[in-house]
Every structure is written in C-alpha cells, then in structure tokens.
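Each of the next two complexes has chain A plus one more chain, namely chain B in the first and chain C in the second.
Then we have the complex of A and B:
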C-alpha cells in the first residue's frame, strides 16, 4: 500500500489543478487573515488573550473570515482530489493492469484515500503555519501554548472535514463512470450542504414550529432545536460549530445554549478540555460521515467487475 | 504439471453467460493462442485466470493454485498485458515500471537493472525517460510487454497484444512473444482475433465460441480434424479453353477457381496430376504451389454455421 500512497501523493502535488487551487487558497486565505490583522489595529479592544485564534475567526472589510472561507471552499479542494480517483483509472485503462499486480484490491482505495488525506493535511497545516508565522511577524510575540494546542485540534478537525469531502469525491468516482458526472454530483452535494440545507433548515423549523415576535421562549427553543437537528446532517454545519467552539474559547455551547447564554454569562474563556467536550459530538459526527462514505465506496469497489473495456 | 488447468469453468453475469463450461489445459513453456470473435469470452477467461473475477462454477488452477482464493500468490507469478493497455501518461516509461516494481515489492535498488533490461528488450531503452503521453500505440503495447518481462513471471497472459497495431509493430511484438518463451522460459497465453498472427507464433490454438472451446490443438490437428482440403495455386499461361474443365475432372478436385493467370484448386488431387493436366492442355506452367490451410479457413468453418 505504501507504493500506492507515495505515488498518489506525488501525483497530487505534481498535478496542475492542485497547484492552481493551492495558490488560490493561499491568496484568499492570506487576504482574509491580513484584513483580520489590520482590523486589530483599529480596534485594540478586540484583541483578547487569544489574538492568534482571532486571526482565523474575525473578518474585516469585504472578505469573510478564514474559518468561513475554509468551511465554504474547503469541500471543493477535498472533492478535487477525489472525484476522478477511480473512474480516471478506468478511463486511462490502468485498472486491470494495476489490479493484476500482487496487491489487495482494497489497498488501492485505502492508499488513494490516505494519500488524499495526507495532501489535504499538508495543505491545511501549511496554511495554518503561514498564518501563525505572519502573525508573529506582525504582532511581535509568539502564540501561547493553549493557542497552539487549540490550533492543533483545529487542524485535526479541519483535516477530518476535508477528508469527508475527499471520501465523497472518491465515492462518486466509483459510482460514476465519467469524471465529469462525478464532479457534477460532488458539486451538487456541496451546494446542498453549504447552501440549500441551511435554507431548508429554516424552512422546516418555521413550518413545524412557527414563531413570531410574541412567541414564548419555549416556542423559540423548539424552533431552534428543529433547525439544529436538520443542520446537523450537514458536515458544513458540524464543522462550523466545532471550529467555532475551538477557536473562540469563550464559546459556551452551540446553537440554543449559545443564544441563551450569550448575554448572561461572563466571557471568560473555557479551558481546552471544556471546549473539547462541547465539540466532541460534532467531531464524532464528522468522522462518522467520513467513515460511512468511505465504507460505501469500499463495498461498491470490492464488488465492481474489472474489465478494461 | 499443467500451468493452467480449468475444468468446467463457467462465468455467468446477470443477463449473459460469458464462459460456459470451459476446459482448458496449458503446459509449461507453451505458447497457447486463445482465438475467437469479439464477445466469445476471451477476456472473461483471462480475468478468471487472474483471479480478478469469481467463477460461477467449475474449478480453475493456475500454477497449481486457485487464483480467486490465493490471488496474491498467483498474481506474483503472472504477467498480464490487458487489452487497450493504459499507463500513467504524465510519468515516464521508467517511472511507470518503477511503480509496478514497487507494487510487486521489488526494492528500487533491485528493480533499476531489471527495468533497464526490460525496456531494452522491447526496444524502448532510448525513450525510457520520455513521458508515456508521447508514446504511440505500438510503443505503449511494447511498454506493456516490458512490464510483463520486469516481473519475470512463469506465465504471461497477453490479451489482444497486436490489435490496432500496424504490421511492423505487430511483427515486433510477435517476435517478443516468441523470445519470452525461448529466452526466458515463460509460458504464454495470448488471446486474439487476428488469425494469421496467432498462426505465426502459437504452438497450440483453442477456438472459443460463445464461451465454449469448440476446437483445440496444433494447427495441423485443427486442419485435419476438420477435413480441410488442401488448396493449390497454379500459375499458367496459354491454357486451352477446356483446360479448366480438364483440371476440374481430376479425381479429388472439389473446386476450381480461375482468375487471370492464376488458378486456385481446392481438393486433394493425386501427385503430379495437376501439372500434367496443365501441360496436356498446352498450358505454359509458370508456377505451382501448395497453399496450406490457414487458420482463417479453420476459423470460418466454425463461425459460418
């Protein structure tokens, strides 16, 4: 499997689309962080003890924050590395040649998945390090230990999140014979999860538990609860919740808890262990979704008839 | 021990039977040609031998093992050139082969000389460091053979090795196949629908039709078992008008076809009878040659029905 892993990794880093995308992310992410950083200068009060984390979460001017950016465009990078993983091999006529070598069939997709994950991890860690490095350069003091720890966990969550999209891409690359179909299907899913599901969640919540200005707190709570339940089918929402809790240490809870406590609880930061407790379900959900996607790909691929034509 | 041994092999897909009760036996150091029209089950048979697909019923032993159950052990000793072989276009020929060597757990240090040797054998040594993207179809095919050589397998399975290749390229590939057996002692199984090529290299031929082996044997055996008549070609000038009739009247002649100077006689006339008939009809005999039955004749016989 290591032979496949290293070849795929080399392919990723050598491919033009990867380089183009990487450059694009770097520019946009750099811009977002730069604007966030210049925002600090104007609002000295905005910088708390976790100024490095704020580089990732605060937005200024026209650009969204780094976090928003990652949750929205991250999926495209993940899908990009996976959408032609298997059907591309079929199109090139390399499938039967590779599978005639003494390797297990599953080690092929395992190797491809791990190589994609490694490539995503390298990109993500690279971007985070660049941001932190720019931060040291601009602010003149290093990040604290707990900030680094939070960033490390953020990195892990981000990699899992991108890994979900990678496994979705690989799944479509197995289901669809043509790379174009699987790319389109991936983008359709991306749109559903990043946009449509957020709209649908509001719609469903308002249909099931309509609220108005005169509604009781209980009615609002029910409405919010339904909205959340629908949203949690989306990895995008899971990721946003999880990373908000990680990068905003004063974050008390997600969804309803956050709304209710926002103005009542002093904004003392939580310890990292407490933040982890908050994001744990989201993290497990993300890993679960990734595993489900990968398991389906696995089953389909193991049963697929291998014919070169 | 036979290298390949299949008994009652059957592979049914949901809506079709691709291989239907195939019995196949291939001996060590033999070049065996699997012949049949498109869709006769050649590729499916090969996939079964490689353990890439599971047989519906029947037994199959390759190098004494069950390819479906012991896939890795079998695949380690088989070299496979698929139909329409594909490579990683952005990698060079050498890199493609290195990847295959790694998949076979051959360390780079050991594989480097093997790769050079394999590429040299197929005449790609000069272009080994060019990306495969720039290769012609014939070169790709030869690269596929280099890949087979690299593994030093006991059995080489080549699916349509010459289809879509120009005659010169096909000749090169056929020569390589013969050398695989002669120089490296491999057993070769090749499938094709191109008869004259199979005829040139194969020791034994099996004719596959609708998933069944309808005939098997050396070319001579196949011709004889079919009572294929010999064909004789005569070139003569100035033959009397009734000369053709005189030839047709010879005992054992089945059919005579005249076209210009050439007369093609099918049948089994007694020795010398044809020449005598030509001369007696005042013909000027220029050439007389026996045309052995080609595989094409054998083949048509099976598929015309």
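Then we have the complex of A and C:
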C-alpha cells in the first residue's frame, strides 16, 4: 500500500494542475492575510487577544478572509485530486496492469485516498505555517499556546473538510466512466453545497414558516431553525460553523437566541474545551460525511468487475 | 423812559433832570439827574482762615448819562483787597463805566476780593468800599464786615478754591489685558473757569487714558467752568502680569491746586494651563510622535506650565492608555503651579510608557491629562510600536523553512 501511496503522492505533486491550484490558493490566501495584517496596523487597539486567529478570519478591503476563501475554493482542490482517480486509470488502460501486481485491491483505493489526503494536508499545513510565519514577522511576537492549539485543530478540521471533497471526487470517479462526467458532477455538487443550498435554505424556511415584520419572536425562531437545519446538510455550512467557533473564541453558535442576546452576553473568549463542545456536532458531521462518502466508493469499487480490456 | 426814543435826546434829558430835581429830591447821594447805585447783597460775610473773600458787587445806572465810577477800598492792611471782573479772564479793575439805563438784569457785576494775611487772628475786619464819581465826589460808601474765623480746617480751606473728585465705583475688577473704565466727576469749586490737567500714578506696565464721556479722543486736560462739574472716563488696562488689588491714583491739577483720588483695580488673573513637548519647548528632542517597542519601558518627557496670571491649584496628572499598557506619570500631583512669569521655567513631567508585550505593531494613542481645580488640558502622544526584530527573523525563518520544505517535496516527489 505504501508503494501506491508514494506513487500517488508523487503523481499529485508532479501534476501541473495541482501546482497551479496550490499557487493560486497560496497567493489569494496570502493576500487576504496581508490585508488583514495591515488592518491591524491601522487600528491596533481594536484587535482582541487572539491576533493570530484574527489573521485567518478578518477580511479587509474587498478580499474575503482566509477562512471564507478556504471554505469556498478548498473543495475545488479536493475534487481536483479525486475526480479522475479511478476512471482515469480505466481510460488509460492501466487498471489491469496495476491490479496484476501483488497488491490487494483495497490497498489500491486506500492508497489513492490517503495519498490525496496527505497532499491536501501538506498544502494546508504549508499555507497555515506560511501565514503564521508572516504574522510573526509582521507582529513581532509568536502565537500563544492556545492559539497554536486552535490552529492545529483548525488544520485537522480543514483536512477532514478537504478530505470529504476528495472522497466525493473519488466516488464520482468510480461511478462515472468518463473523467469529464465525474468532474461535472463534482462541480455540480460543489455549486449546490456552496451556493444553491444557502438560497434553498432561505426559500424552504420562508415557505414552511413564513415570517414578516410583524411576526412573533417564536415564528422568527422557527424560521431560523428550519433554515439552519437545511443548511446543515451542506458540509460547507458545517465547516464554516466549526471553524468559526475555533478561530473566533467568543463565538457561541449560530442560533437565533444567540444572535438576539449577543449584546447582553459579555463576549469573553471561551476556553478551547468549550469551543470544542460547541463545534463537536459539526465536526462529527463532517467526519461522518467523509467516511460515508469513502465507504460508498470503497464498496462500489470492491464489488466492481474489472476486465482487462 | 421808554418814550425817550420819540423825543430829542437833549430836551428829554433836560426835562427828566428838572423833573427829578423838582419831584424826587430824595435821591440819596449825588446829583439830581444822576442815578448811579452800587450795592452788594451780602454786607456781612464770614470767611475761614487762609480763604479768599470773593463778593459780588452790583453797579447800576438809572440815570440818563454815561457814568464812570472810580472804585477804592478802605480796610486793614495786607489783605490785598481789590476789584476784579466777574467773568473770565479775571482782570483787576479800578473803574467801571456805566451806560445809561444799566439796571436790573443789565447791572454790572464785579467782584470784590480780599485775602486775609497768613497770620491774621480771627476777628471782625471792617472794609469800606468807596465809589467816586469822575470829579472826585463820593457816590456811595459800602461798609462790609468780614468775620475771619480760624475754625476752618486746611481741607475745607482747599475745597473752596480747589477741585473735588468723586466716583461712584472706586474699585473695579478686571482681567489682565482687559480695559476697564472709571467714571470720575471733577468738580471745580472755584467760581472761575479753569483748565484741569489730568494724570495718574500707576505701576509700571499699566496703560491709562482719559477720555471725555461719550467721546473717544484721549485728553490730557479739560476745561471746567466756575462751580461746574465734568465727568471724565479713566480707561485702565492692566498688564498681563498684574494680579491682586492694585491701587491707582488719579490726579487732577490746576495751578497750585492738586487733588488725588484713589482707585483700586482688582485684577482677577486667569490661569492658563499649557502642555508642550520637549521639541516644542527646546526645539530639540521628542515630539508628540514617539516610538516604542512592545514590552519594553521607555521614558518620555514633556513640559507643563501656566501661561496665565493666576496660579493653578491641585493639579493632577493621569494617563489614559491602551489596554494592558503600563503608563506612569511622575510627578502625579502638583499642589500649586504658579504662572510662568514667576516660575520662569516650565515643569518637566516624566512619563514611563511600557507597551504590553504582544502589542500589535501600529500607532497607539496615549493621552495624558492634567486637571487642576481651575482648568484642565491634555496632550496626545502617538506611540508607534514597532515589532521586535528577533521574532521577525524567526518568522522569516519559519516561512523560508516551510517554502523550502514544500519545494523539496515537489522536487523529490515530482521526479519519481
């Protein structure tokens, strides 16, 4: 399995599209972080105690924050690594040659998935480390222990999130014979989860529990609840909720009650354990989605009849 | 007499003269056709020692002829008894010419004056005023009794002749540099018109001007009629350094008479608190824009002084600073801050500023407020916190290592 792992990893790092995507993310993310940093210098008083976390979450001057950027474009790089993992081998006619080697069939798909996950992990950790390094250079002091811990968990959550999209790509690469169909299906899913579901959530909530300016608080709360429920089908929304709690220590959740009482509750930062408690459901959801996705592709692949034509 | 204009003058006079001789042979003294009279309203007067007697004498001519009356006085020696005209300018006279018909309102008024010798004892001194005709005949003798009393004090003695100064508000309050005005009445107690010179005695630096009421030109003297009163305005401008109750003496002088009026200006000084940086005071040194490094203490000096004219009391200094910064001000309290015109040098205040460790590089504002009982002011210091280079290099190192690692992965794995 390790041979396949290293071979796949080498393939990823050697492919031009991966390098281009990596460079794109690095540049845009670096720009977002740089703008956030200059925002600090303009108003140094306004920043809270978790400066390094704010580097990732605050946006300044048009560019979205690093976090928004990752949740929106991260899926693309995940899908990119997976969408032609299996059907590409079929198309090139290399499947039978590979499976003729003395390796288990599950090692092959496991190796492919782990290699993709490792590539994503390396990219994500590299970007986070570069941002932190630039932060140290600009700010002149290192991140505190709790900041580092939060960043570490953020890295883990981010890897799981990207891993979901990777497994989705692999699933489609198994389901569809052609790489183009698989890519289109992946893009369609990406659009549904990042854009359409957010619109649909509003639509469904307003249909099920219509609200107007004169509605009662209970009606608003119900509307909001339905909207959230719909949204939570999307891994994008789950990821945003989870990372918000991690990177914004004063974050207390998305609920209607929280929004209404935001001004009454003092916003002292929560301890990392409390933040983890808040994001735990989202985190489990993400891991579960990834696992389910991969399990389906695993089962389909293992049961598939492979001919050497 | 009113019909005189219709008749030839000579005939009329003749008829009148005859009628006068024939019918009114009770004419007191003199000649029938003549009717010169000389009299005074007050034949017995009292004067104080050292005062001059001044008595109005009236002369009338009810006759039809122009008359010339020679005047002379009999009385004690050394009194300098004389006659003067009653209107300005005073001229000593010896004779009066009277036109016919000068009676009633047209009567000529002259003034009899006499000054008792300095050593004359209180007594009754008789004078006799003698009016003679041109031919030497005595028309009339007027006895006048002058009673000299020694009771009159020197002050009373001077008021008769002199000036009286008065004002309704002898004490005024002013701020330094602000003009205030005293209205001073000058009464000329003498019966003659006089020119009064005006002056004032004030400390150095005070500006004083005299203006007539309701006019703006500055005057140095004023003409006041006999027994008249004029009000002038004394404009006083205290200098910026003045404080407290300052006496000012207004002086009016005419001839040998000098009168003084004490005025008081209470100058209420205003304190004026000023803060300035070293660069603003000495031209070199630190401005309001300083640099600091996170976690490291630095000292900053600024100056504080009182540019006003009154002292400031109970001055407290405190700093408002960004969160978690340490800013101490030394000294924290100044009991009394005297004006700089007295202290001659500003007070140096030392501020110790320590930005918190982990301060984000950028510009922070530290405001130091000086609050006295009377006034308060503040100075804003912009503190530019720079990042410490030690960690900067470490950051660069991390970035370089990561980039090198990624490149290494790309190169190593990409070649396989």
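By definition in this document, the second predicted complex is superposed on the first by the 304 of 309 C-alpha atoms of A that agree within 3 Å, B and C clash if a C-alpha of one lies under 4 Å from a C-alpha of the other, contacts with A are read in each partner's own complex, and residues count from 1 in each chain.
We take it that a residue touches a chain if its C-beta (ideal position, glycine included) is under 8 Å from a C-beta of that chain, and two chains touch if they have at least 3 such contacts.
This structure is a prediction, so every number in the text was calculated from the model and none was measured.
After superposition onto chain A, the partners chain B and chain C occupy separate space and fit alongside each other. After overlaying the two complexes on the shared chain, residue contacts for A:98 are found with chain B alone; chain C is out of touch. By the document's definition of touching, of the two partners only chain C reaches A:19; chain B does not.
By the document's definition of touching, of the two partners only chain C reaches A:126; chain B does not.
Judged by the touch definition given at the top, the superposed model places A:305 against chain B, while chain C stays out of reach. Judged by the touch definition given at the top, the superposed model places A:191 against neither chain B nor chain C. Within the superposed three-chain model, A:135 lies in touch with chain C and out of touch with chain B [touch as defined at top]. When the shared chain is aligned, no partner comes close enough to touch A:208: not chain B, not chain C. Comparing chain C and chain B on the residues of chain A they touch gives the larger count to C.
In the superposition on chain A, A:7 makes contact with both chain B and chain C. Overlay on chain A (Cα): least separation between chain B and chain C is 7 Å.
Common to the chain B and chain C interfaces on chain A are residues 7, 14. Within the complex, the chain A residues that touch chain B are 3-4, 7, 11, 14, 92-94, 96-104, 305-309. Note for the complex: chain C touches chain A at residues 294, 322-323, 357-365, 385-389, 391-392, 394-399, 402-403, 405-406, 409-410, 413-416. In the complex of the two chains, the chain B residues touching chain A come out as 13, 43, 47, 50, 52-53, 71-73, 75-76, 78, 80, 82-90, 99-100, 102-105, 144, 147, 159.
Here chain A touches chain C in the complex through residues 6-7, 9-10, 12-14, 19, 40-45, 47, 51, 122, 126, 129-130, 132-142, 144, going by the rule given at the top.
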